[in-house]
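The structure follows.
Chains: A, B, C and D, in written order; residue numbering restarts at 1 for each.
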Amino acid sequence: MLTAVVVGAAGYVGGEVLRLLLGHPNVTVRAALSRTFAGHRVDGVHPNLRGATNLIFAPSDDIPASDVLFLATEHGRSAELLSRSPHIAQSAAIVIDLSADFRLTDEALHQGYYPKAQRPLEWATTFVPGWPERHREALRTANRISVPGCMAMAGMLALHPLAAADILEPDVIVDAKTGSSGSGATALEQNLHAERSGAMRVFAPHGHRHEAEMAQSTGLRVHMTATGVEAVRGVQVLCHARSREPIEARTLYRIYREAYGNEPFVRVVAQRQGRYRLPEPKILLGSNYCDVGFALDPEGHRLTLIAALDNLMKGGAGNGIQCLNVRMGWSERLGLEFQGLHP
Amino acid sequence: MLTAVVVGAAGYVGGEVLRLLLGHPNVTVRAALSRTFAGHRVDGVHPNLRGATNLIFAPSDDIPASDVLFLATEHGRSAELLSRSPHIAQSAAIVIDLSADFRLTDEALHQGYYPKAQRPLEWATTFVPGWPERHREALRTANRISVPGCMAMAGMLALHPLAAADILEPDVIVDAKTGSSGSGATALEQNLHAERSGAMRVFAPHGHRHEAEMAQSTGLRVHMTATGVEAVRGVQVLCHARSREPIEARTLYRIYREAYGNEPFVRVVAQRQGRYRLPEPKILLGSNYCDVGFALDPEGHRLTLIAALDNLMKGGAGNGIQCLNVRMGWSERLGLEFQGLHP
Amino acid sequence: MLTAVVVGAAGYVGGEVLRLLLGHPNVTVRAALSRTFAGHRVDGVHPNLRGATNLIFAPSDDIPASDVLFLATEHGRSAELLSRSPHIAQSAAIVIDLSADFRLTDEALHQGYYPKAQRPLEWATTFVPGWPERHREALRTANRISVPGCMAMAGMLALHPLAAADILEPDVIVDAKTGSSGSGATALEQNLHAERSGAMRVFAPHGHRHEAEMAQSTGLRVHMTATGVEAVRGVQVLCHARSREPIEARTLYRIYREAYGNEPFVRVVAQRQGRYRLPEPKILLGSNYCDVGFALDPEGHRLTLIAALDNLMKGGAGNGIQCLNVRMGWSERLGLEFQGLHP
Amino acid sequence: MLTAVVVGAAGYVGGEVLRLLLGHPNVTVRAALSRTFAGHRVDGVHPNLRGATNLIFAPSDDIPASDVLFLATEHGRSAELLSRSPHIAQSAAIVIDLSADFRLTDEALHQGYYPKAQRPLEWATTFVPGWPERHREALRTANRISVPGCMAMAGMLALHPLAAADILEPDVIVDAKTGSSGSGATALEQNLHAERSGAMRVFAPHGHRHEAEMAQSTGLRVHMTATGVEAVRGVQVLCHARSREPIEARTLYRIYREAYGNEPFVRVVAQRQGRYRLPEPKILLGSNYCDVGFALDPEGHRLTLIAALDNLMKGGAGNGIQCLNVRMGWSERLGLEFQGLHP
């Protein structure tokens, strides 16, 4: 059994990492760390884990050794922890970072988008992106993995196959919608149920940090808008793009099928009819799927690319587990079998 | 024009008092007080009031003189403010208290349910209940008015006509459901959208404070359970009662019609068919109605009495305005004309 | 008192027209017509109207005479009714059409977007757009008024001031979100609560009909995407536009203030901070406001224009009443005083 | 591999049976039958199953042979199908009926509550209740299993240990809340999102059919009220009971622990503190848990017993799979490992 430690385990992403690890046949959770909840029962904070664990949160000052370390921390804290724990940074442990600290390789870009999250320069390029569909080979031997942001992951899965095929004009508008769990578990007035319920809140009309990841990985100029809508989990991105030349739907479909036809967690969803003919997160909650689809205007120029996922799963914790599965040579679906619910 | 001051105006009940006063043809708002938001624009906290007011919150240390004073404060603070402001307590101003400080007249009962909210003993019985359907005459000359709790108001409107007619056995179970706005505007983890959304949370399986008001006013032994459900506004109570003797539906209907047939804000809703045949708050949000209905088992013994209201309206601010209208001899619907929405 | 008749009064827009007319001090409702619910009580279908009316739905075959006729009908039926009722078409009655039949003046455009909704050619250009902010003068004498579509109205209010100032490049992407009431009151599987709840459903990735109205009225090339999100009421549009030349936020603000500073129902909402710093429908439900705001990227080139409204109010029925108020020379806020709720 | 056939597979319970069987390591789905959707892809109706199956719905006239037959049909149809298919009734196949046709053994009781659902009298008592916690031994050899109703299952799990210990007075009031998926997948106006969203709809103030099951199995006199609240999945019951003699919380706790301490899918949740200290379905969606808890008034007389589950899981399909696991001697958690989500 592989041993695992989770830092930031009382947060929403950390709780999801815990849930998945506790259900994973090949992993044992050695410790769940939390600054705020040290000494409390894990299932007091994550009541869905009742019956699945008797773990108590441990303080996060001292990180015990383990085979794999999940960092589900705030931006800036992952780098800080690694700096303060050279034994971890230098050990053979696999580090799977769910924060943003090592997502952007270019330092200037990182500082522009995350001015407060400093990181050791020499580490900036040592993390392999936690993006199995694109970096599977590198992940098989990676000991440092940086899992993409939730909205970034959705956008990258929608954009990359077409960007790689050089089909798109470089300017793309990404319109992202997200549920409230993306705002984290800290009590803030704007996240109160009475304030957040029923919201359509454009919290980032320009310059959301996830656009930098999309741009970095696709070479496109991505302009992103992020809106909080009524949901706890779930992200949907609409990418408004243009093709360089007129294109047919079947060509798009072929490209996506070639990219994702064998992927365990990306489904191409672009049907002519039906209630759920395009991707939406409602049916993905708790699952590790990212559904990717598209629509094309009659002239074949304007593309609406759509991707949906559960921000805590394929947009975070689930994707991290998938990366671990790849890294260990296990079946990628191990511990990620939940299919999602309807209705 | 009557002048009004609102204390606790940045809260949800206080904001609703402000909204109603700003739309009231006979009242001018002199000041909106808030400890936390003093110096901030009112419409920054209550964005629905954009265009309706340019008021700035004033600190609540010093309460300016006015014709009517609304206290939308936490329990304990109304009594404290009145104690510290003898000029108010002794002035001719009408005081409409929306806190719980003067709802229970019996001191032992008050101390049992509100151990931390002390109050001057000599005032305990000087407040007329803000319950126009029952205390209309007393309210016409009252200078101290204590508005009932939201779930209490619903339960009392359902129970009182039958209790007064001595129809019910004394033990009644009241099952109350409420939205999240009843928990107030303070940032607490349990009220985060991600935690509160989709809840069916039995936060008071026994001994909720509103049961004391129902018991006090009806003479019944009320055992209340309170559950938070998915809603921002809205309260519904189900009173499980028994009749002393078998009773017919038409008798119940007649009693309610006699009690409420001429009331501007209580509607009897007990239909055989239809989507909305019994009271529910969905269609009452923003209105001052309390809908009251009932169902009877075939033996004519078991009664399910049902009442619904918007906790910030007939369950608080709106009821306070209605009391003011009664006190001033104005039409009771003044400033309370909103009919509610469908769908 | 002006007399009014409402056709399609059992639908959601029709019910809202009824509610507003019943609360309007200068109007009497003569009849509420419905094919499906003829013979049923109005407040059985619209339970919020209990206590406000005893009207019974009348069949819609024969439209009684009145001073003003509201057509809250399906697309195609308004034109059909007018064709079949020459006495109405020729009478002096004011006709306020809430369907799409006369929104597009160009016949080819109309046939392209509404292939099944035929209309008499000679009428196509006789309707004044029900858009008071732009066509107020024409509305003062108009006897045929065509109220814009809900998402179109929002987009037009956001785009028009900048389009009129020739600031924008012609290609604009409009990303619209809408609640479920926009789908109407007919029982369809995809609109079941279990299916529609929690949706982020891209039901029109291209070619939604409301884009034609926006294009017609602004001269821009509008490419619209429409997504159903979790809400009953409420529309929000995000217009992704570019300025021809770099522009400053204060210039944008000035243009919008000049356009809407004196408007009773359009508020400019573009703040640096705060929970509700940009428009969202949550605080507008039941009100006739359309909030319009914007954000600008640091280079001053990319504009995100945002508008929000209640689709049944400023996006339909409320706007129709405002048009009537303009037409009659009444205060525009008459019957539309509801300020919206927080929270 | 066991072969399975599902009748009524396009409904919500049937879809859930399919999902669970497709993920079950020991079962192969031979056919999914549906009158309405015969010829359509299963994942067109249940889009969460994309990638998990290529099945096409078959018509339900002719039921193919299989090792186990799930009947997820409307009340009355299970009995009808068995009557028309003597080869099934007489075969060795295991029949797991999720309808109400064989839940009530007493014929008069059945006819009273289900007047339209006739059944062969000789079968009425041949079904073992699908209630593993109580009938595990009988289930190990049962070939006819009748799964309880969703609200009944919750109530029975809360009531039975105390009823069996003869602790309760016989009259119990059960206040049940349920999400919209319990109303099924048929398009009815009252189930439209716009009508059902935000509901607190007392659809059965007296005489709900599930009360008969609770009464039958516990010997108590159960008076049940059912209210639809805002949720898609989820049932919560509050049982208002009285103890014959004063009782202590620790005694109650002990009784429940003895009853359920070794159960794989019943958790005792009755904590002094915490956000989720009593059972609620929010954290159970998709899982097969039923959480059972209680609260006691200070006098030790009044008990509020609380149970929560996912109506399509432990309240239906999941429970049916658990019964199959018991019947086959497999681990009861097989195919039911999903732990539920937080938040």
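The rule is simple: contacts are C-beta pairs under 8 Å (C-beta built on N, C-alpha and C of every residue); 3 or more make two chains touch, one makes a residue touch a chain.
Everything numeric here is computed off the predicted structure, so don't read it as measured data.
Visitor: Compared with chain D, which chain's mean CA position is the farthest off?
Guide: C
Visitor: Count the C-beta pairs in contact for C-D and for A-C, then report the pair with the higher count.
Guide: A-C
Visitor: Using the average of all C-alpha atoms in each chain as its centre, how far is it in Å between chain A and chain C?
Guide: Once rounded, the distance between the two centres reads 38 Å.
Visitor: Round to the nearest whole Å and give the separation of the Cα centres of chain B and chain C.
Guide: Averaging C-alpha atoms per chain gives centres 35 Å apart.
Visitor: Quick one: report the Å distance separating chain C from chain D, using the average Cα coordinate of each chain.
Guide: Between these chains, centre-to-centre, one finds 45 Å.
Visitor: When you check chain D against every other chain, which residues touch at least two of them?
Guide: 12, 181, 185, 189, 194-195, 197-198, 232, 275-276, 343
Visitor: Over in the complex, which chain B residues touch chain D? Could you list them?
Guide: Against chain D, chain B makes touches at 173, 175, 177, 189-190, 194-195, 197-202, 205-207, 223, 225, 227, 229-231, 234, 236, 238, 240, 275-276, 278, 280-282, 295-298, 302, 304, 306, 308, 343.
Visitor: In the complex of these two chains, what residues of chain A are touching chain D?
Guide: 12, 15, 19, 22-23, 44, 46-52, 181, 185, 232-233, 267, 269, 271, 274-276, 283-287, 289, 291, 337-343
Visitor: Enumerate the contact residues on chain D facing chain C in the complex.
Guide: Per the touch definition, chain D meets chain C at residues 12, 179-181, 183, 185, 187-189, 191-198, 232.
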